[in-house]
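Each in structure tokens, the structures are laid out below.
Note that subunit A is present in both complexes that follow, paired respectively with subunit B and with subunit C.
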Partner chain A sequence: MTAARPAAARWLALGRSGAGAVLLHPLRSVVTVACVVAVLLPWLAGLAIAHGLRDQARDAVRFGPDLLVEGERLGRPAPVPLEAVATIRALPGVTDVVPRVVGEIRLGRDDVSAVLLGVPLDRLPAGTTLVRGRLPAPGASHELVVGAALARRLALDVGAKLPPFYRNDAGERVSTVVGVFASDLPVWSGHLVLTSIETASTVFAQRGLASSLGVTVPRAAREDVRRAIARLPALGPDDGHGPVRARVLSREDAGALLPAQVLQREGVFTLHWLLAFAVGLPLVLVTSGAGLAERRRETALLKAVGWGTDDVLLRALAESLLLAVGAAALAVLLAAAWLGPLRAAGLGAVYLPGVEPDAVVDVPWRLAPVPVLLATGIAVVLVTVGSLLSTWRAASTPPAEVLR
Partner chain B sequence: MTDAPALETVGLGKRWRSARGDVDAVVDVTLTVPRGAFVVVTGPSGGGKTTLLSLLVALERPTSGRVRVDGADLAAASEAERSRVRRRVGFAFQGAPQVRRLPVWENVTLALVPTGVGAAARRARALEVLGRVGLAALVDERPERLSGGELQRVALARALVTAPPVLVADEPTSNLDRASAAAVLGVLREEHARGTTVLVATHDLALLALATATYAMEAGRLRATGASPDGAAR
Partner chain C sequence: MSGRGPAIVVAVVVALAGGAATVVATCAPRAPGAAARSEAFQALVGGVGGGPATTMARCARAFDPRLDDACAFRTHPTPAGGAYCAHGLAGLPDR
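Up next is the complex of A and B:
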């Protein structure tokens, strides 16, 4: 106990001295923290977006259809005949079947890419909140509801006329914007255009066809229904080009696929960050040597008055830990500010292809504990390696040589 | 406490390597400083006094010969043992180096930090030793605002802060006005009277009056020049 008390007091005194050293060398402290933040901030922000996207993808899958039916003809993707809606709805256990037509369109002078989604009007995606206007009227053709981000990008408002943006054998028509919906939907719906399934079928020249069918079915019957759909000899009447067979994707399949894409992007981002880390390490090594002459003199003085090399290193360790934890905390706060109030300005567009730098979509993000802890650990490694190395070298030099 | 002399050197040598060739700063110095002695080393600048003192307080390693402090052989000592020796020997540096941004009291008590003494106790101790050198009023001042003479006295206060059994001072009265020099002389006299072994390198002849033994150092060689009741230089 008596031996432990002086040891604890020694550690405490050296720790306090190290904490004081942060203020003794303000330039070095500021430069070191800035370097660590520069390395950690983009990585933390990128991973937070990856986690946000993953969460959103999981939500989309969780709240999406239980089974997704797509068409396949001779091994290639094919549209699904609408006759399949009734066929599948008649299968035992099936609660609901919703057809949808999805495809890419290009709008405006800049050929802005957007996704046109056509569904029965009573089956618009949950969470669609109109900020102005109305939904397409039943029976009306070529009425569109656009996302707020897209409306802002193309300067569209309720009543705006869109010249024909498609070509097909049935001729082209002018479309009308009848509503604008809020962009608090998943980020990939920022450039979404909603319309009736009939209009979408006209635009993509797929009358009587759907891109896919969403099937609602209780969990207990899901596997049976899946097998029953897969066994259907054809999803509709033969048009002479061969039968369209069903390809069924379950919620679990989609869940396995979506996060994988996000994880791939997360991996690419981590790779980029590793490159930044490779640059950051020597940078911090150099900056930790900022004011080296003064630090060498200070270390020599401490040694001269009786400090051991271990005392000097403990003091430097306390200083480094404080700087590292401070830098990591600052990086986390800045990342939260960047992703929250600043809406990932500059980063969202880098991370999410198709999102313009000035997009008003809320980029999904979540600062998970693991990256935060990892960032703190990395900051500690970066700063202590640089600091302890230079301190050890200074402490190993005979004090008289430095003080002379 | 052992019966060994406070400081002892045998055939001590230090050679500097420089662009102009090797320089022998200390040559074959054999010196015994008994406990309680007051030894003064004089000599011209560049004669090797500061290097000799650096060797005696374990700030440098000798090129040849041996140094013993309180019987501990520094030549064979590890770095940790040399640090322990430095804690037992108070050394007032010439030039009085300080940590620029630390207040005077923290500079004075640096040696107490690794011993775990709390800040309040260190400040109180600093006030005590600064009072002895006449600088109690500057306890919270920054070193950069002090004159050369004040810094010299701060360095002496720092050497005294651990109440060391051996006090070594390099030019402690240089840069001082007459009154300040007298104050420093008073402190050295007091320390000697308390039984502290004192070794001073100086140009100040006033210090000779306090000495129990005097030596002159020139071109790295040490020779006895005055009474040496217990120690001898050869």
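Up next is the complex of A and C:
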């Protein structure tokens, strides 16, 4: 007990001296912290966006159909004839079949890309808080709900009229914006245009076709129905080009597909970061101690007045730990500020193509503990290795030689 | 170094670490409000999106992997060229 007290007092004194060393060389401390923050901040922010995106992708799967049926021609996805709705609905176990049209359109003078989604309007609820204005009314034609990013880019608001933006030999009509999606919805709502399936068919000049059919099936019957659909000789009557075969994607398949793509992107992002990290590594090592003459002189002076090598190393360790933990914590706080109050300004567009630099739609993010702990560990290793190595080398050299 | 300098350094680092821990504790779980809005949107449209792009300008698969089975840019002549698609690779501009 009596021996423990002086030891603790010695450790405390060394820690205090280490904390003092942070202030003794303010420029070195600031540059070290800045280098570590510059390395960690983009990585933390990027992974936070990846986690947020993965959450939203999971929702897209969870609320998607049990089975997604598309046509197939020449080994590629093809539209589904609407006759297939009745055929599939008649299969045992099928509860519901909903056709929908999804395709790209270009709007405005600048040909802004948008995703047109046509759904049966009788499936939509009477009212929703997701939209400013209202949803397209059943039976109404050419009524659109547009995404927040699209609305701002094209200066559209509820009641705005869109001149014909498509070509159809049967006639082209002016469309009316009846609603604008809220900005706090998933990122895929930003450039979405929601309308009736009839209007979407008119826009694409493709009558009697859907991009896909969403099939509702109880879990127990899912595999049987899937096989039954895949075995159908054709999804519709022969149009002279041969049968349209079915390709079926289950919710489970989609559940594996969607997060995998986000994960792949996350992996590629981390790979980039590793390259940047490799470039930044020598910088951090140099600023934290390697090759600094002042650290050598300081160490030599301490040794000259009676400090042991262990004492000098412990002092440097305390200094490094304080700098590393402070830098990692600062990086976390800055990442949260960048993604939260600053709405991922600049970063959203890098991570999510199509998101404007000053994002209208909220960029999803979630700061998970694992990347934060990893970032802290990396910061500690980086700063500690740089300073301890140089301190140990200086401490191993006779003070007279260093101070000469 | 004498005086209150070392104590101030320790206090600043502890405050930063405490702030960071609070931020992580607050931001790590998904906000219930945001989750509810996301679910309501997907329920309304029947599940759309899921890819790393917000439009179908380059490939439909990047917007929603269920819409297509391949990206045209995957056939890029460069070895591993698919990875250099703007949607496949974080950080590179797409034009």
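In the analysis below, the second predicted complex is superposed on the first by the 366 of 404 C-alpha atoms of A that agree within 3 Å, B and C clash if a C-alpha of one lies under 4 Å from a C-alpha of the other, contacts with A are read in each partner's own complex, and residues count from 1 in each chain.
By our rule, contacts are C-beta pairs under 8 Å (C-beta built on N, C-alpha and C of every residue); 3 or more make two chains touch, one makes a residue touch a chain.
Small disclaimer: the values here were computed from a predicted structure and weren't measured.
K.L.:
Of the two partner chains, subunit B (first) and subunit C (second), which one does A:G171 touch, if any: first, second, both, or neither?
P.N.:
A:G171 contacts neither subunit B nor subunit C.
K.L.:
Under the stated touch criterion, which partner chain does A:G308 make contact with: subunit B (first), subunit C (second), both, or neither?
P.N.:
first
K.L.:
Considering only the touch criterion stated at the top, classify A:S211 as touching first (subunit B), second (subunit C), both, or neither.
P.N.:
In the superposition, A:S211 touches subunit C alone.
K.L.:
Looking at the overlay, what does A:L14 touch: subunit B (first), subunit C (second), both, or neither?
P.N.:
first
K.L.:
Check the residue A:L24 against both partner chains and state whether it touches subunit B (first), subunit C (second), both, or neither.
P.N.:
It touches subunit B and subunit C both.
K.L.:
Between subunit B and subunit C, which makes contact with more of the residues in subunit A?
P.N.:
Tallying touched residues of subunit A, the top partner is C.
K.L.:
So in the superposed three-chain picture, is A:D59 touching just subunit B, just subunit C, both, or none of them (first/second/both/neither)?
P.N.:
second
K.L.:
Examine A:P233 and indicate which partner it touches, taking first as subunit B and second as subunit C; both and neither are also allowed.
P.N.:
Neither: A:P233 stays clear of subunit B and subunit C.
K.L.:
Share the list of subunit A residues that count as touching for subunit B in one structure and for subunit C in the other.
P.N.:
16-17, 20, 23-24
K.L.:
Write out the stretch or stretches of subunit A touching subunit C in their complex.
P.N.:
Residues in contact with subunit C: 16-24, 46, 48, 53, 55-57, 59-65, 68, 76-77, 98, 100, 102-104, 113-115, 117, 119, 123-125, 128-130, 149, 181-182, 184-192, 194, 211-212, 214, 249, 254, 257-258, 261-262, 264-265, 268-269, 272, 322, 325-326, 328-330, 332-333, 336, 340, 350-355, 361-362, 364-369, 372.
K.L.:
Provide the residue numbers of subunit A that touch subunit B in the complex, in ascending order.
P.N.:
6-10, 12-14, 16-17, 20, 23-24, 294, 297-298, 300-311, 398-401, 403
K.L.:
Considering the complex alone, what residue numbers of subunit B touch subunit A?
P.N.:
51, 54, 57, 59-61, 79-80, 83-84, 86-87, 91, 93, 95, 97-102, 110-111, 113-119, 158, 162
K.L.:
Tell me, which parts of subunit C touch subunit A in their complex?
P.N.:
1-2, 5-7, 9-10, 12-13, 16-17, 19-20, 23-24, 27-30, 34-35, 37-58, 60, 62-69, 83, 86-91, 94
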